[in-house]
Amino acid sequence: MKIIDCHAHMAVPTQLPVFKSALLSHRGAHGLRAPVPTDDDIHAALNRVEMAPYGHLECLDRAGVDMQVLSPRPFQMMHSEEPKKLVHAYVRAANDMLARQVALYPDRFVGVCGLPQTGASPVEEALPELERCVGEHGFRGCLINPDPFENSGRKAPPMGDRYWYPLYEKLVELDVVGHIHSTASRHPEREPYSLHFINEETTAVYGLCNSRVLDDFPDLKILVSHGGGAIPFQLGRFQASSVRRGDKPGATFADKLKRLWFDTVLYSPEAIELLVRVVGPDRCLFGAEMPGVGSSVNPETGETFDTLLPHIRALQGITEEERSAILGGTAARLFRIEV
Amino acid sequence: MKIIDCHAHMAVPTQLPVFKSALLSHRGAHGLRAPVPTDDDIHAALNRVEMAPYGHLECLDRAGVDMQVLSPRPFQMMHSEEPKKLVHAYVRAANDMLARQVALYPDRFVGVCGLPQTGASPVEEALPELERCVGEHGFRGCLINPDPFENSGRKAPPMGDRYWYPLYEKLVELDVVGHIHSTASRHPEREPYSLHFINEETTAVYGLCNSRVLDDFPDLKILVSHGGGAIPFQLGRFQASSVRRGDKPGATFADKLKRLWFDTVLYSPEAIELLVRVVGPDRCLFGAEMPGVGSSVNPETGETFDTLLPHIRALQGITEEERSAILGGTAARLFRIEV
Amino acid sequence: MKIIDCHAHMAVPTQLPVFKSALLSHRGAHGLRAPVPTDDDIHAALNRVEMAPYGHLECLDRAGVDMQVLSPRPFQMMHSEEPKKLVHAYVRAANDMLARQVALYPDRFVGVCGLPQTGASPVEEALPELERCVGEHGFRGCLINPDPFENSGRKAPPMGDRYWYPLYEKLVELDVVGHIHSTASRHPEREPYSLHFINEETTAVYGLCNSRVLDDFPDLKILVSHGGGAIPFQLGRFQASSVRRGDKPGATFADKLKRLWFDTVLYSPEAIELLVRVVGPDRCLFGAEMPGVGSSVNPETGETFDTLLPHIRALQGITEEERSAILGGTAARLFRIEV
Amino acid sequence: MKIIDCHAHMAVPTQLPVFKSALLSHRGAHGLRAPVPTDDDIHAALNRVEMAPYGHLECLDRAGVDMQVLSPRPFQMMHSEEPKKLVHAYVRAANDMLARQVALYPDRFVGVCGLPQTGASPVEEALPELERCVGEHGFRGCLINPDPFENSGRKAPPMGDRYWYPLYEKLVELDVVGHIHSTASRHPEREPYSLHFINEETTAVYGLCNSRVLDDFPDLKILVSHGGGAIPFQLGRFQASSVRRGDKPGATFADKLKRLWFDTVLYSPEAIELLVRVVGPDRCLFGAEMPGVGSSVNPETGETFDTLLPHIRALQGITEEERSAILGGTAARLFRIEV
Amino acid sequence: MKIIDCHAHMAVPTQLPVFKSALLSHRGAHGLRAPVPTDDDIHAALNRVEMAPYGHLECLDRAGVDMQVLSPRPFQMMHSEEPKKLVHAYVRAANDMLARQVALYPDRFVGVCGLPQTGASPVEEALPELERCVGEHGFRGCLINPDPFENSGRKAPPMGDRYWYPLYEKLVELDVVGHIHSTASRHPEREPYSLHFINEETTAVYGLCNSRVLDDFPDLKILVSHGGGAIPFQLGRFQASSVRRGDKPGATFADKLKRLWFDTVLYSPEAIELLVRVVGPDRCLFGAEMPGVGSSVNPETGETFDTLLPHIRALQGITEEERSAILGGTAARLFRIEV
Amino acid sequence: MKIIDCHAHMAVPTQLPVFKSALLSHRGAHGLRAPVPTDDDIHAALNRVEMAPYGHLECLDRAGVDMQVLSPRPFQMMHSEEPKKLVHAYVRAANDMLARQVALYPDRFVGVCGLPQTGASPVEEALPELERCVGEHGFRGCLINPDPFENSGRKAPPMGDRYWYPLYEKLVELDVVGHIHSTASRHPEREPYSLHFINEETTAVYGLCNSRVLDDFPDLKILVSHGGGAIPFQLGRFQASSVRRGDKPGATFADKLKRLWFDTVLYSPEAIELLVRVVGPDRCLFGAEMPGVGSSVNPETGETFDTLLPHIRALQGITEEERSAILGGTAARLFRIEV
């Protein structure tokens, strides 16, 4: 059995932020051609010590993680920048660099692409890039940003709205995973991107479970980041409303919640435990987002916060088969990883 | 020992929504004088079967709750309406009706006022009403809305901003509790008010724990609704960032979190359990918001979702003293209720 | 002969403003289902002493009015609220309550519905409710709000604009009356709704008489509230312009004015006299809007200001047949009331 | 006794619109120096046949008017244009040309200046021009525009607001008349300026009579154009509200109305008659705004609509002394004209 | 050979600015009918001493100019005013007055019309007026304003955008010249219209030479005002970029530049010399815009600045044939003037 | 004598765009601490082949340039990004890296800082950084961006406005040079930054020469980039206006122009020649902005476009002393470079 971290972001070769910086300086006046890093540049990125005390690859080895599902760093995808061709150019460049990384380490990494979503445009405009990444790069999913306006005040349609249906159809057609993960925040003083992730996941899960989406797309594979935001903790509240308005058993908010999947990027044993109890072990995928926000060392344990495998191994009240599914089995199935 | 529900909203005499409706129709052209319900009207409201299968008073009796801390219904406070004199008129009327209710049942109810907050104005404008309610009505706290723009897109300052300091000073000066609770939502399709509560509590706790507020006001008594939104569940994430940026032990995010208080309005035993484990039993106050969103009957249990006392009585790993503090002791202390 | 007051608004059961208040608090998050008052609630409303020294029914009896044409209270119709489904829900609820009132007193009341107009949408969206009220409730007309933006600064198309043609067509098709009456005002300090009524009637009559509408819809039955705003008093001005630009006799502003109908809701004998002289007795319908703004007692007469029947009975220079037409004959014909 | 037309606008020498056109083309880039017409240019303007069948002076002679109170054409004052220095430049130029006209015919004309009002600025900015015109040119009043935003959607403070107090103070200090008269309309399709005049006069009178202005400035001399808009015709409505809210006899809406003055620019005998009955003969000043909008020939009479003297001479129910006051006596007193 | 000044604006009869002033005062409420000057009025305009020390015709005679290509004064065309029917009315009036002028002096003047461009509308809306002027008046070109928003902050599409293609097609179809010339500036403090001309010409030439327009319309005849703004002086910069991005010889920025035509309205010998050297003598047309901004007397020479013929006659390094082409030959060919 | 290129931008170590990209992703949520490149990183940047066929230092050596005045790359300064703390952080980081570069090569480079200008704030907020750079780093000037809104539509005050006076005062006080150079453009389709530079220089020079700035600050040292935009080529036009409005000899537009300094970054011999003739050799400073936009190879010459020294050496009509001043003497004096 392979241990698979289902939620991680690629080690970024320097060329990518330099390209981003240039795009935002000239806004397309120099053209949109992306730089191409060498293999050495990519290796260097994977070994750079930056967010964690070790390089990316060493983190995996030390933690005992066999494979990772990698996607571009969400908070850098600048979905709210204009003109929108900048978004398309940057996201494509990020996906292409990720594809290089995956190609260099096919046994360690599986790719999930970013989408060039722009709030004022139909979601259809992002689909060619999804098809390209699946077709050309063999990626197995995409990030979905519920708020392409990036907390600027304008509101995107809720996830249950017809606006999103073309994306859901395409995901089903391609049999790939949609991973809910917002990007940046235009009001960081109030709500930095890391907090905005949580609020947007909360809102996205609400939108999905409070609509017909999961009925209309029974085969849709949606993975929610960071354990679902606030929802598993606040489930009683939304279930009470669902019952009040007459939702039938099997079709309540809590029932729909259990048709989604959740990663364990939560960084505390209490939270992982609650998640597994509330949504069920078959709906949880091990994820540590390593290296990332959780890679600082917890002074109480001497380990990084993202050292989550011990918590999962220590979970009570689940079978070993369920544990194995959490650690990699379910991820292998959803992302079609041969193990 | 008395069982005290620290988070509940008043039974509304019909005169109040009729007044609100009139204000929003004439916008002040008929003047701002509020209707005065009779004692019978108030009794009728307290016995009306509306959100729960029983009237307000019967709910308390059946649940075994001795006292309740009552405030106006937050989602009706219309902080974002214009001109702002409407907000002042409505909130004052609501507070005055609440005062009548408290006066009729001094052994059952303690008052917490609403504030006439309006996003584009300094928070100082809301303070005279706070002083009036404490001075004239003997109230013991107020609701604090972190988002007086009511999810309309414009952003209020974060709770750590100097904008809020005059309110914090006044709370300390009057020795009353500030209860974090947002109001309505202008974008209900995406984020209905009930969901907006959760996201705003998350953002508010983040703002308080990520600033100097709790250092600058060591005596500030802040109670956070609904178990703190997403924060206790997501604590690892914010603690990891806190450690990363070098916050010293005793001054980390998690340390500050434990200087706030939280109510147990969570409606699932898993969530209450996590809350108590994460923030500590001394920081939890029994709250059921009864009758309210949780008053529908859970078909799995045959009880209303807001039947929370059994969960608290069943909590493992706390002392009986701690349990007693949760059930009423801490509330009595914070709200200065003689028991 | 029956005395018919052609312009009055229904006595509002408490459920309606409570429903409105709730809609504006949750903005649809609780659903849009309207409350259903009992017959007793409706009787209570009709006997409630509120705007006048007597209840609604007693007012009629004392004044000697046989029948009234009733519509919802215009200033409460909240056409400018968002999302627009709130407007549709509220207006439908108001019309249904009115239908109940009419059904309880078929010999006293005739129904005229409100329309769910919303300024940013085509007027077509309001027509299904008109058809429903005429078809299901047997109503004989509708209110038309020339300013669904409710004095918020944005401008609706003038009444002569093609925007309104689908409404005019439907009125002709159904053979019902369109009663010009604006709703609330968003700038009450400058222009409260009661004043805004007058300015909007002035503007509406101007728009109709300065366009081809009355030529294009020769059978259109438009009744203008409050004696036509300023127009009968200021007619010379607009007639002078009409002549200046070459309008032919029979097609001048004054000629078109006499193809509309006007109610006598004016509250001074001088004004009623001028109205009848300027537009002709055949174009005037007795209206007192009772009880309403005019139901306060004039200290100079000891009667309420809306005691208009004596003024009409005292009019000089008209025949008794004309007087009878004013008092009820023309209303009976326009609203198809059997007498 | 002299017949004085208290409301008329100057015959415009061609240089003024040419200057306006230039200002609006270069927006100040060519400087702001106004052209200076010759005496011949001014005479030519006064004899030009334009709005009436005769030149300006001939109109007076034919009508039997001895003197006129002249002001700039209001609808050309472009108060809403930017940058505001254009407004100041144009209004000053217009006032200076008017001063030339008055100086050439001191026995026929009395001057009333326009004010360089701009909605986004304090009214104080218009006062130096008022002082200059009174001091240098001997003018006896000014036009007051209640809507310097010119119907663009933004709202000026109501006339009862403190915003206007510096102007009222200055009028009293200088002992000159304030003549209410709005200017252009930015939405002519819905509300052309001629109609906007009426609505703004209605709103202005409402604002004055519904506030403390006339108490705070007992010596203020306010003359309202066009017979007061809709107010005299709709007085009952506003008086009923005034009584309802408890205004004491002597301080009701109608009482305050009789502390203003009104001109008779109404163009129909019914309207003039109503005006005199409602506000009293001592509050009416003959005005014909000649030549102007009323100077087209009424085919029913063969006279121009602005042939108002016969109507005033035919008024019933007033004394000859009152008639004389209307025709010129009151104007002479208010404008301090020696007769 | 005839000396032809290819860039001049008509002497404006007073009726035109008076009409403009009226349009901007009543915004269409008085209708849109333009005044018709008499022949005497037009002669007077042509002899009026205004911008130059002599009248228009005398300027030509003194300078030795045989013919002029005349268009309306650009800075007065008010393309950014609303409603847009004002723009259409004014531009049509200006074109019609120009046609009168041309008809009176067919041997001296050739007409080029203004277009009723309005930024928020498709350029197609301006084409009927172009067709009318060419068909009815025999005009030989039109002005093209690259910025119909008149420097108000909103941006028009660049000249290489498909937005403009219908205009280019029509110019080719009618075989007439498009003369690049912007109109007014809404921010004169920063950028008065005279400076805005230069910046907009710079931007327009950049847009044309940096796109496919000149490939897609090989027969398009575009004449750029004032020597092309900054471009001939700054050519190296844009040519360096063009080469850098790989444009092939014959298709570089500089190559495309030489497919446009430029007038010599530059007012200094150094500038004219540079222009001719950079774009070639076959691409230069004598233009003096006389009388105009250059008609003030240069104290260093005692001649007006627009005395440009001597500079052209003194040009070194060109053949006499080339000089003759500059002075009139090329203009005759482009504008189809028989000489 | 030393050859000094007065206008060049630093070779950027990769850390700077990476930092910029990060700032724009997290908008300050990760803090504002800038990366510190090693000396090797800086050497690498100076030797990187990027815009020119050679590295930065090699360019200088090959061209025969002894020293360069270096500033940050203007188009990357992101003055219009929000919150403004991002601008302050980035500009400070860029200045500090530049200081490192200058410190490593004190004989080759002289520093000129960028300013953290943000359009909506007073220019005073940028002055502490200027003082810091002069005081700590020994810089000799700063860039001045006339358009900190970066072509987004909002307009900055013109350069003659009092808004800029605190900056001018500080420049004089510190005796350093202000180098006019705008930054990015938010509308690159219409006006890419390279073109926007030219238009803004044109506008800036106009603003300075059309105001009292050069009188109020006789010691102000302003250097204009790229030969002054369009102004030297279009001087006749502005001089004609200046004379027309009566500016006296010595105080005309052309006179003021000669109180500014201009660099020769023009890339064509005709343009350099015109510049020197029009503003005088004593006002021209050799500048090549090398490597930069002009570093592509001109296929007609086989040299890069920025090979400007031969053009200057070939200039006719100036003395050798003047030539020497252009090549370095004047720069040495203005920037206080010991030679």
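First chain written, first letter: the chains are A, B, C, D, E and F, and each begins at residue 1.
By our rule, contacts are C-beta pairs under 8 Å (C-beta built on N, C-alpha and C of every residue); 3 or more make two chains touch, one makes a residue touch a chain.
Computed from a predicted structure; not experimentally measured.
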| note | Neighbours of chain F that also touch chain A are none
| Which angle of rotation, from 0 to 180°, maps the CA atoms of chain D onto the equivalent atoms of chain E, to the nearest 5? | 180
| said: Counting C-beta pairs in contact, which chain pair has more, B-C or E-F? | reply: E-F
| query | Looking at D-E, A-B or C-D, which pair matches A-F on over half of its contact pairs by residue number? | reply | D-E
| Once you find the CA centre of chain B and the CA centre of chain F, what distance in Å lies between them? | 57
| note | Note: chain B residues in touch with at least two other chains are 189, 194
| field | Chain contact graph, described as a line, ring, star, complete graph or other shape | value | ring
| task | Beginning with chain D and moving on to chain E, name the chains as they sit around the ring. | result | D, E, F, A, B, C
| So in the complex, which bits of chain E are touching chain F? | 153-158, 161, 187, 189-191, 194-195, 198-199, 202-203, 206-207, 226-227, 229-230, 232-241, 243-244, 249, 265-268, 270-271, 273-274, 277-278, 293-299, 305-306
| said: Give the list of chain B residues in touch with chain C in this complex. | reply: 14, 16-18, 20-22, 24-29, 73, 75-76, 78, 82-83, 184-186, 188-189, 192-194
